[in-house]
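Multiple structures follow.
In what comes next, chain A is part of two complexes: it sits with chain B in the first one and with chain C in the second one.
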Partner chain A sequence: MTTAPPVFEDTPAPEVALAERVTADRSTRGPVLLFFHSAVVWLVIGSLFGLIASLKFQFPDWLTGQAMWTFGRVRSVHLNAVAYGWTSMALIGMAIWMVPRLVRAPLFMPGLAVAAAWGWNLFMILGLGAILAGWTDGMEWLEIPLPIDAIVAVSGGLMALSVLVTVARRRTRHFYVSVWYILAAMVWFPIIFVTANLPVFAGVEQAAVNWWYGHNALGLWITPMSLAGAYYLIPKVLGRPVHSYNLSLVGFWALAFFYSLNGHHHLIGGPLPTWVITTSITASVMMVIPVAATAVNFHSTMIGRFDALRYSPTLRFVVMGCMIYTAASLQGSVEALRSFNRVVHFTQYTVGHAHFGLYGFASFILFGAYYFIVPRLVDWEWPSGRLIRVHFWLALGGIAVYVGALCIGGWFQGQAMLDASRPFMDSVNITKPYLIGRTVGGAMMVLAHLVFAYHYWLMVNRRGPVRSEPAWSDRRSYTMRGPLPPAEPPR
Partner chain B sequence: MNTFRVFFAGAVSTAVFAFFVLAYLPHRQLAAAAPESALKPYADSELAGRAVYISSGCVYCHSQQVRDPLFGTDQARHWGRPSYPDDYRYDRPHLLGTMRTGPDLMNIAVRQPSRSWHYAHLYQPRALVPGSLMPSFRFLFTVKPRADMNDEVVDLPAGVAPEGSVVVPTADAKHLVDYLLSLNRDFPRSGPAPGSAAH
Partner chain C sequence: MNTAGLAILGVCAVGGVIACVAFIWAMRSGEFTRSDDARWLVFDDEDEVKRPEAPRPGPKA
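Here is the complex of A and B:
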């Protein structure tokens, strides 16, 4: 190690802090924009594939002439594009942007992160192409073939190297909680990814490893990275500290310990030793602790300032994302109970729950992060408050219709399956109106993404009016500027 | 600096501990179980069909696991006896599945042993199961004016095949049906299934 950093101060003078922030943002601008551009493209592609997959339930003979358009492949392209293309790339962009600001050191070798972004895109193109061509490892969340996985391993390594060395060169004594989550996720993801791909498992043991990975891709990667964003953005927009440092510690370690053990609730009733399933059910219920700690912490930070949701698009998306995190997590804890799982396992209910978490929580926080970060990278204000509003309400309406339809339909589907006196086809027919609801909700989300992508394109090309202050997310705010605090804190 | 090390040690050990509990311990426990001789390895054509099953993503709508009668109505639906871990001895990748948009296929060969039924159902599921949501797997078949010497012709209800032509399964379709007809893990077992409450 080199000599200790010269400055070791957690609260620098305002002019020093501002200057450092400018340096930090300058160092991250290239890689973050590249990750963000790519993520938007994968969002649009991934959600279009989702819509095609959903439409196939209304038109099962549509697009059946070629193998690449069969439901099983289209569905897998959707999952991989939104999980690894959109969510993961946007999360990495957000993390790369936050870390240098939080540790008061410019990003180490931004070129490494740029290379990582290109590598990650190559992984996505080859991986999705392989799935469409029928080359797959055949396990949920692990479809992309092993040789192509090697590309993402290298890319992820380069990105992690850049971030970790930046942290090692920090000029702060304490780590903010967002840094904890990001560093932990960067340690956890390689562990789960490598162990899941070890070629030593077969049969039921492989199913165990499959779900050890599948749930932890959410629990130890997407969730901590998303929470890191929420922990940064909410206090930042409000200009007040997080309510309780201790609560955030409880939330972090409880998440680390319990979430990692959740996976086998996907195998309840399956041919595995009962004790290991019960372990996962217990851990799933214990998730109430980190979730409640985080929810109380965010709520206490927000209290008295909920009016800010009217004018800050960032806050609106992020706070909604956090509220959905609480709701989706509690839903997950209940869903893991044997009595409840008996009904909803193997049904559309699970699909609804998965989207509630991945979209309502992670994607909403990411949308909020885009609205906060991109103006600071391209030195331009979002062109249109109206487009932001349309994006928000279409996305929220879409996910509400989607989750509502599938959770209700899935429940009826499960009830029908559990009644042996009813033919199996009853459980299929009963879901049909709800699957139309899924397509409607999905179409609303696709529309939201097209609006968002168009607005993002305008933004990075610096189109639209020259603004001296941010576009407001509420029409009424135009006439209420006077009494309201500034929409976003000063840069 | 000390906090930093504690933090990393904590993060790594939670993940390693979870892997140990969720993956390594079951692996060790199940590897120690005695193999069941009644289960045969897949034949080559069945394995080729399994590859078609995997690449077409059948697993996203069909599970291959029969639950204990205490936990569901799988057995009452005649889907077979509850599944044991070593019923999957030759399965790589595993195809347990998490979804039943369509019925469980653990023992489909017992319920539906007819090769011609499977061909017709794969070509046009709604010709045999009205209201089915299963996609048509037309791409596994060739439509031609008349059958050649060694062609198997798919027996379809009137009006399903295009006018004036016959539907013939490709090699992939034949392999896939070979695989489906191999799915019979209903031979008797002794002792409680590991997923059952009795275990």
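Here is the complex of A and C:
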């Protein structure tokens, strides 16, 4: 194998740039499509299981004849399917597509990424099957048994090898901030995943490691990968570079230094040393720094171009995801404070917050990424602008109803639990109307996913009318295939 | 200190060393001081975005 010498040219000649981009896209097409197809399947399966779990709050005697359909197993399948199947596989597909473009080098051995995708799917099938059969490790986010975890460790290693060698063979002098986030996530996630799965912890130690991992799976894997997508997609769609590149690096390094200690705020009131909890609360509050840096940067990049949200589905989903990232992160910082946590700790409020972050932030950015990337993979425009709108509003309405209901209901639930003069059942009964809201919001999201999956199926099979411009384009397109706003003068 | 505490601190220490090495490498290789170059890397041939010319140096006193 011959290795091209690094050129380190950040502004290549147009014909060179074209050749490099086409080569990069060709190298990623197969693995990215495989990751994207798989992710959509796990999205539909995972969200259906979520809806079943939610319906059990209204119909507790429904599907109780067999152990595999009981709440504990169904809910765990939901979490693992959406966290590792949908979110992780879609994020990896997005990263594999972006990195070769950003470093102007073809993906190193695409076969490694393809093997990683098949391995990841095998992990999902065996893992979810094990949970349904009642074979789990018994820890949240770590339910899938250790022997099956080995499959995803190998798959992740193959995928990371392909991406890291691609970056090592880059033809650019600098890393774009998205590459920083992706590289870091691909180093962080294996460390936390392997450490948390070591079979040496028990009792309180196990709980400590469990939540150290559980929160970092979000903060050191899903969050950086999602932000990488946002930092790529917003400037691309707008045709305008990120407002402050230095601020984006401040956000990255602040996240790197503060996020890893967040997890133990899940154990406030538990039998852990006070300093562990206090350190975690401090780190949770310090997360305001990277979140504010990212929010200010994205907002400043968007200023003067908010009208583009009307014309670009990618931008609409991604910007909404970034706004929810800011809101959910600040909500999380407040939730980590002892005085607030005392009320909401064991309530539905936490469930609402978790969905706000994982779905409202990460999934919205991923939906936006699909709308941007897939037309370039299959050389076809999305068949229906209406289906994209239906998807957007159902998903947004669903998460709004879901989070709103659970945060309000969770607060009342916590107040009732803290009131010693009231019987415990008061705290259960008071949540009933809000749990209906949970099911209604969940059903809207499931419907959004079915619409999205159907539209995706049409797309990859190149169904629908032949279009010369995007389907969702009322007046003019802000996507790469149509006319773009003029470049900005230098700032 | 118990096993979990040692494991977490150990992982954090290794992570901290990696982060510091990465930070120093980034600083020495100009990732922070030449950010005006890096922010344009997101665009490629399919974007109709032209990077503005670098401002010319002003007249010397």
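Just so it is clear, the second predicted complex is superposed on the first by the 467 of 491 C-alpha atoms of A that agree within 3 Å, B and C clash if a C-alpha of one lies under 4 Å from a C-alpha of the other, contacts with A are read in each partner's own complex, and residues count from 1 in each chain.
Convention: contacts are C-beta pairs under 8 Å (C-beta built on N, C-alpha and C of every residue); 3 or more make two chains touch, one makes a residue touch a chain.
Source: prediction; values computed, not measured.
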Quick one: chain B and chain C on chain A, clash or fit?
-> clash
Answer with first, second, both or neither: which of chain B and chain C does A:Gly304 touch in the superposed model?
-> neither
Answer with first, second, both or neither: which of chain B and chain C does A:Val187 touch in the superposed model?
-> both
State whether A:Glu205 touches chain B only (first), chain C only (second), both chains, or neither.
-> both
Go through the superposed model and pick first if A:Asn429 touches only chain B, second if only chain C, both, or neither.
-> first
Just chain B (first), just chain C (second), both, or neither: which does A:Gly239 touch?
-> second
Touch check for A:Gly111: first (chain B), second (chain C), both, or neither?
-> neither
More residues of chain A are touched by which partner: chain B or chain C?
-> B
Give one of first, second, both or neither to describe whether A:Trp253 is in contact with chain B, with chain C, with both, or with none.
-> both
In the overlay, answer first, second, both or neither for which of chain B and chain C A:Thr172 touches.
-> second
Check whether A:Pro147 is in contact with chain B, with chain C, with both or with neither, and answer first, second, both or neither.
-> neither
Doubly contacted chain A residues - partners chain C and chain B = 175, 184, 187-188, 191-192, 195, 201, 204-206, 208-209, 212, 253, 256-257, 260-261, 273, 276
Write out the stretch or stretches of chain B touching chain A in their complex.
-> 3-4, 7-8, 10-12, 14-19, 21-23, 25-27, 29-31, 54-61, 63, 65, 67-68, 71-73, 76-77, 82-103, 124-126, 129, 131-139, 193-197, 199
Could you pull out which chain C residues touch chain A in their complex?
-> 2-5, 7-8, 11-12, 14-15, 18-19, 22-23, 26, 30-32, 34-55
Quick one: which bits of chain A touch chain B in the complex? Just the residue numbers, please.
-> 56-57, 60-61, 64-67, 70-73, 75-76, 134-140, 175, 180, 183-184, 187-188, 191-192, 195, 201-212, 216, 220, 253, 256-257, 260-261, 263-264, 266-267, 269-274, 276-277, 279-280, 338, 342, 345-348, 350-351, 417-420, 424-425, 427-429, 432, 435
Chain C partner contacts - residues on chain A that touch it in the complex = 10-11, 14, 17-18, 20-21, 101-102, 104, 172-178, 184, 187-188, 191-192, 195, 198, 200-201, 204-206, 208-209, 212, 231-232, 235-236, 239-242, 245-246, 249, 253, 256-257, 260-261, 273, 276, 480, 483-484, 487-490
